[in-house]
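For reference, chains read A, B, C, D, E and F in written order, and residue numbers begin at 1 within each chain.
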């Protein structure tokens, strides 16, 4: 039986990412089902569910972090989707990535922008 | 004579960081005066001055990026100061750093929190 | 009241690091007490307490990760201490850091070795 | 004529990785044959051949380092193979990657787990 | 109307990369046209156009940086092309990447060499 | 008795860094004497001693790599010294670090410039 943290995390995951979040969890069932639980419980049950910072600001921080890392393009795309879901505009997302040129360099910003473009195209196809 | 971009950047730098921003510029005069100009013109004249993302959100993104990098503690401290200046609460800054544990690991989050604590102590001393 | 995960995590933290682990937790009480809880619960309650990998192997993995990051020298020192506590020899720790020259470069290996030397000196002082 | 270090390194490379290691060396012959030699001589002749840390522990350290880097998925896969060859269980490998969520963040752990899954599938196909 | 910095940057971009540089700019028009301008103006108008370091040395520095990052393979390939355009020999490029094994680790050097090989093959096809 | 590679590496180390290089080697004698040997043999005996790239270009590549990493300030300072020894001008070193703002971000460039300033001050004191 799943814990309270799991249930809280699962609801938050659904709220932010919808089906895209569920897919990551399902992909993990085969290889590391305990990690699927941990991923719901810690980031989403313990962190994103906290008061003190609104969800839109949380997604802005995450987009900045993932664009800076440069090693997490699949995760960045899921979070671009999540950012749109919680109310970021496309222009705001582009501004975040342009700003990352200052802190993480132009290649990081470029790769972030190209990832965002892929998600925007999917989003437009889904929403027309 | 300084360019329009420089003047726009300088005003933005003052608005966000106050004297702390000026200090970085002055420290560069000795070693690389052209880089002092570039630092005012590009990040502050070209990027932070843009519409499309409010200053508070820009500072949230920058705190996330610098905490993720882990190699820029002096710059992180200046931006914690800047974030407080443009309206972030201490709790919001702490939330951003806690969230970085998810994307950049616990040591990055810890070092971010310790840097924030140093700045909060200075801020409290200046504002009492 | 603290959760079961917290109690399990706290016991594991004590087992591996002794007083050094407690210090990190106490330092956080001032700035982010909730993060102190999270740090006990997730890494130590959820991960280090798992079966499937012995503690000595877990510390080997952590030393390798922290030496590779290069941004977490205070945390690396705590884990060198922890590695000695759970049965790594000094020579094994040195071998891990030498090996990191292959994957993370010579500067990472050098900085890891210098951190280890500091801890070995403390350890020898405490154990003579 | 190849050096003693080369011969020692080549034997160690074969012991750990089998044919997968040889392939990397052959791929380099076209572009940088001297680097193929250096790769056999230094990591395998000078480092992995040393006493003081057993091969299984060496592969644990390498899996942790490569999962942390996040920029070396092809090399990570070869080392997952190598880790299985020298006696790590699949569960131990999964534990290492789950633990990397603590130090390098969840995206690094996820990308490590997905790489491991690919290798486990190949390994099962080869060993049935 | 484009600025003087833009024109100077565009000429420098053409001088170093030819059509490959133009392609990056065009790809950005769709997603972030202002960033296309910024990319011409700051790196190429403000930095590469400066006296004080010859273009060949600038490309050596950039190849080293991008190989070290490991997160910018598309950009690394464009700069391998650029390095050949401004007079680096293939052997010099290979030497830079071999040397990166010392500072950024063997996986970074290997991935740099494989990227260089792809560009050398294209270059030979274009120049025969 | 030291190998031929060691002797070749030692001579190269002396040629580039003078006493500063020797100091690093001596510091390692206490903690990991075998790593002191490896550090002379591989980077300096195997790599820097190769033909195909002149020493000045090698130091340019290394300054770019270390500024990009941001985790190796002590090593960066030794290489700024080395770069001056093999014929780089101060202005060339400053240009490299300014250029790193493009690839690794402004904080990396700033920290590189501050490290360079420290070395330039020492250099001026030694050479007047």
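The definition used in the following text is that contacts are C-beta pairs under 8 Å (C-beta built on N, C-alpha and C of every residue); 3 or more make two chains touch, one makes a residue touch a chain.
Just so we're clear, the structure is a prediction, and the values are computed from it rather than from any experiment.
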| item | value |
| --- | --- |
| Those chains which touch chain F and also touch chain C | A, B, D, E |
| Other chains in touch with both chain B and chain D | A, C, E, F |
| Chain copies touching (chain A, chain E) - same or different residues, decided at half shared | different |
| Chain E onto chain F, rotation angle from CA fit, given as a multiple of 5 degrees | 180 |
| Chain A and chain C: spacing of chain centres that average the CA atoms, whole Å | 29 |
| Computed distance of Cα centres, chain B from chain A, in Å | 24 |
| Separation of chain B from chain F, taking each centre as the mean of its C-alpha atoms, in whole Å | 30 |
| Residues within chain B bordering two or more other chains | 34, 38, 42-43, 47, 50, 66, 69, 71-72, 94, 98, 101-108 |
| Arrangement of touching chains [line / ring / star / complete / other] | complete |
| Contact footprint of chain D on chain C as seen in their complex | 42-43, 47-48, 50, 52-53, 57-58, 60-69, 72, 91-92, 94-96, 98-104 |
| Touching residues on chain F, where the partner in the complex is chain A | 101-108 |
| Chain D contact footprint on chain F (complex, rising order) | 34, 38, 41-42, 46-47, 50 |
| Partner chain F, residues of chain C touching it in the complex | 69-71, 94, 97-98, 101, 105-111, 113-114, 116-117, 120 |
| In the complex with chain C, residue positions of chain F that touch it | 24, 27-28, 30-32, 34-35, 38-39, 43, 66, 69, 71-72, 74-75 |
